[in-house]
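Structure, as structure tokens:
Chain IDs A, B and C follow the sequence of writing; residue 1 opens each chain.
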Amino acid sequence: MTVPDPAPSRRPADSSPAVGSLTAGEIAQMVGGVLHGDAAVAVRAVAPLERAQSDELSFLASARYGGAFAHTAAGVVLVSPELAGASGAVPARIVVDRPHDAVLTVLPLLYPAPARIPGIHPTAVLGRGVNLGGDVTVGAYAVLGDGVTLGDRAWVGEHCVVGAGVSLGADARLFPGVVAYAGTVVGQRASIHSGVRLGSDGFGYVYRDGHHAKIPHVGRCLIGDDVEIGANTTIDRGSVDDTVIGAGTKIDNLVQIGHNCRVGRLSLIMAQVGLAGSARVGDGCVIAGQAGLGGHITVGDGARIAGQSGVFGDVPAGETWSGYPARPHRASLRATAALLKLSSMMRDLERLVKDRS
Amino acid sequence: MTVPDPAPSRRPADSSPAVGSLTAGEIAQMVGGVLHGDAAVAVRAVAPLERAQSDELSFLASARYGGAFAHTAAGVVLVSPELAGASGAVPARIVVDRPHDAVLTVLPLLYPAPARIPGIHPTAVLGRGVNLGGDVTVGAYAVLGDGVTLGDRAWVGEHCVVGAGVSLGADARLFPGVVAYAGTVVGQRASIHSGVRLGSDGFGYVYRDGHHAKIPHVGRCLIGDDVEIGANTTIDRGSVDDTVIGAGTKIDNLVQIGHNCRVGRLSLIMAQVGLAGSARVGDGCVIAGQAGLGGHITVGDGARIAGQSGVFGDVPAGETWSGYPARPHRASLRATAALLKLSSMMRDLERLVKDRS
Amino acid sequence: MTVPDPAPSRRPADSSPAVGSLTAGEIAQMVGGVLHGDAAVAVRAVAPLERAQSDELSFLASARYGGAFAHTAAGVVLVSPELAGASGAVPARIVVDRPHDAVLTVLPLLYPAPARIPGIHPTAVLGRGVNLGGDVTVGAYAVLGDGVTLGDRAWVGEHCVVGAGVSLGADARLFPGVVAYAGTVVGQRASIHSGVRLGSDGFGYVYRDGHHAKIPHVGRCLIGDDVEIGANTTIDRGSVDDTVIGAGTKIDNLVQIGHNCRVGRLSLIMAQVGLAGSARVGDGCVIAGQAGLGGHITVGDGARIAGQSGVFGDVPAGETWSGYPARPHRASLRATAALLKLSSMMRDLERLVKDRS
């Protein structure tokens, strides 16, 4: 397989600028590792072994990448203890228990988050009675409706449209192009990516007099503190009750959350998942990609739902479910295995049935 | 399960402003109910029993919520006949056959739709030959291409981009951030939510000379009267023929409708459904969430497709289908039940086959 | 089934303007067909048989549409050899081997792509150090961050937000409302439709100290030459490594591509497909609608994945897989067939098992 690589070297200038620089000695100390080699080698960025340059940091956590390690041009490499002796000529190797975790420790120093510049862009349109906290940022062409409230250091990106009365907590961030309908409340430090729609009307109609009459939606869309929501995800407002996303929950791209849903704290909801109206998801749950939850069902605390599952009934706390329709994961696996065996036994079974009759 | 509730009281100021106020006596008359208690109690909003305040209306339609009713602070509660005698001390209870329907009757009065203010925002960019009906609204930063036509009272939200020659019917509304490509026609009273893309090119290529050559798309994207389309849904234009959504059909969020599809009147298409190119859906159909329809298949009038179904063949009118691949719902249920039984019979069946051979 | 047709005649003015006009004689020569009838008949547009007007071109490639041919008002019709003698009174019929291919040859002449007008709209906001190639177009309200590079003739549509340091190749086009985060590189002639989000953060967290700590995303989002990406699709940037879409690959609407994914050249990815993080797709693959690929799996060159498949393991080059969990297509079909048979045999099998015990 040819996986093209249009641009072999990843330079900091192309992504978040890496303004920092760290020496091998500083990194070893920071991650609690043992340094072998030149403590003075300095790195300015992180890159995979096969593309790292002499001023870049890389990592080796699996024997599978031993070949890449042997030929890497990286200046410094974090290496797991069992691979400490891997052959290669990097100027500095740092042996550390979990190289991936160590990279995470170093990343924020080499790639500090881009500075937020407080201020209201002159092209922003602000409604009447807008209530701005200290040091907020409002980007170009953003539109804030009447009575919008921004907490301290809140950041409304370019081209966002924030409906009347919407409130953003301190340090909340809307990336460019978010729309928050009236009735939306966003918690502190929440991070809402481009194209997210918060508080749009739910899908509710009553068939009468030959047409689908719309149920007015007057509930709110409440996004808790420290929630992150991925690009182009949609979260409807409640009809009479509210739609609620609990604090610390993380939601991926292109997820649909229907009206009146309640998602607990610290749950993870992966890409393209759909929650039908009034579904409830507990705390600490994991719902994997493309899974669907039916209306009014409940997924208990700590439950895990496999990718593409179709959940049409309640899932008890702590259990792992999968399949269509979803059942406990072991039952799903058994059913799948049985079905595969069945294919090869079918002829024999048909004969048995025929013999008997 | 802890379902967090960042903001226990839902005040009108937070969502659509409730400018109206109704007394218990007025509500009883309006919904044809029987009032028990103080006819003069006034309410300004609707809320669930557990969060309602003394100036709010709530409802009790299931014995399951009897406890919440006993402790509610609501001023007025709509109660179904069988729960008429539920214990509780609300100032006014109104006994009515279907409390949910009664709430729908009251909602528009307590939450009148936000007033639309006619006018063209000074930041809107209008192309040459734009044809504006009476009393239209064009929001901040909207861009109308050359030759766009807006019917009377049409409402183009902030940040919409309306392509050259696009036509919007009277009273049609584009919420903020909609893009309508050239070739789009939107009917009267249609309501298009944020982030919808109408008339984008369909996915059509011919492989020739070592690359995928694009098929030009010159068909239109025709959205009928009274259609509602949910946030971030995409509806491609036709290639040579048109893509058509029939009058009164309602489409949820994140739905994909491919080129040349035809959807009839008064159908309901729920979130994350996908229709491949040239699929046809009749009148009065219901396609539940995350279902997928293959290209060129036909779903007959009044048919219903269960959530996550994969429809690879025609579905006769009036039938309910489910599963992957989709079949008549009873056959799907039987297959699922058989598969579950099979798991537990597998060992026995294997012995039977072995004995015979 | 009533498929409504709000506007029976498709006039060029409603879609892309058809500025050209061709005679039957010119068309016959152009497509290498044999003309029967009046060589001077001129057409200005293409339409299906049942709606074509006297100045429009249509086509007949299947006996199924013989009735429509008999009654069409089209001025010129492309007809396949086996239907050359179909009864009808069109002024000019052109017999040609593949009428559909012939239409593709004629379309670009009747519907030339709308002219791109070079220039920077006065409302566009340009950051410091923006690097503009020759003859670029930047639409109304577009925002270009610091250090953005546009190749010659690049076209940034209205309302696009292009992050700091992003680079667009020559002749690349962003349709209105695209957001490209910092770290995005778009190749030459790439075409990115409305609402696409490129380079948003991937879904990566480490649970520590009672919350999901975000993994910084510093990799890039690299879109190759000649790639087309459909409306509202999301492609995350890499975490440390990059996310890469190979040259000539075409991606449909509402697709999700997670961090660190690598898609090869000339592949086709249809609507609502999801690729979890670090998935790899080879060259010349076809992934049909709503399929999902698990994290870190590899789909080999030329492999085909059926619609709605759930791919949880590697797929060898050249194979066709389907189902949930996905397996080779034949095995899936056998399993489906076995399951259907099982439903009707279940009672007999249960008796057999009972008899034996």
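Things to note:
Keep in mind that, in the parts below, a residue touches a chain if its C-beta (ideal position, glycine included) is under 8 Å from a C-beta of that chain, and two chains touch if they have at least 3 such contacts.
The structure displayed is predicted, hence computed values, not measured ones.
If you sketch which chains touch which, every chain touches every other chain without exception.
Fitting chain A to chain C on CA positions gives a rotation angle of 120°, reported to the nearest 5.
With centres set at the average Cα position, the gap from chain B to chain C is 26 Å. Among the residues of chain A, those in touch with two or more other chains are 141, 159, 177, 195, 232, 254, 272, 290, 308, 324, 339, 342, 349, 352. Per the touch definition, chain A reaches chain C in the complex via residues 1-7, 10, 13-18, 45-48, 101, 103-104, 107-108, 110-111, 113-114, 123, 139-141, 157-159, 175-177, 193-195, 226, 228, 230-232, 248, 250, 252-254, 266, 268, 270-272, 289-290, 307-308, 323-324, 336, 339-340, 342-343, 346, 349-350, 352-353, 356-357.
Interface residues of chain B, counted against chain C in their complex, comprise 123, 125, 141, 143, 147, 159, 161, 164-165, 167, 177, 179, 181-183, 185, 187, 195, 197, 200-201, 203, 205-206, 211-216, 218-220, 222, 224-225, 232, 234, 236-237, 240-242, 244, 246-247, 254, 256, 258, 262, 264-265, 272, 274, 276, 280, 282-283, 290, 292, 294, 298, 300-301, 308, 310, 312, 317, 324-325, 327, 331, 334-335, 338-339, 341-342, 345, 348-349, 351-352, 355.
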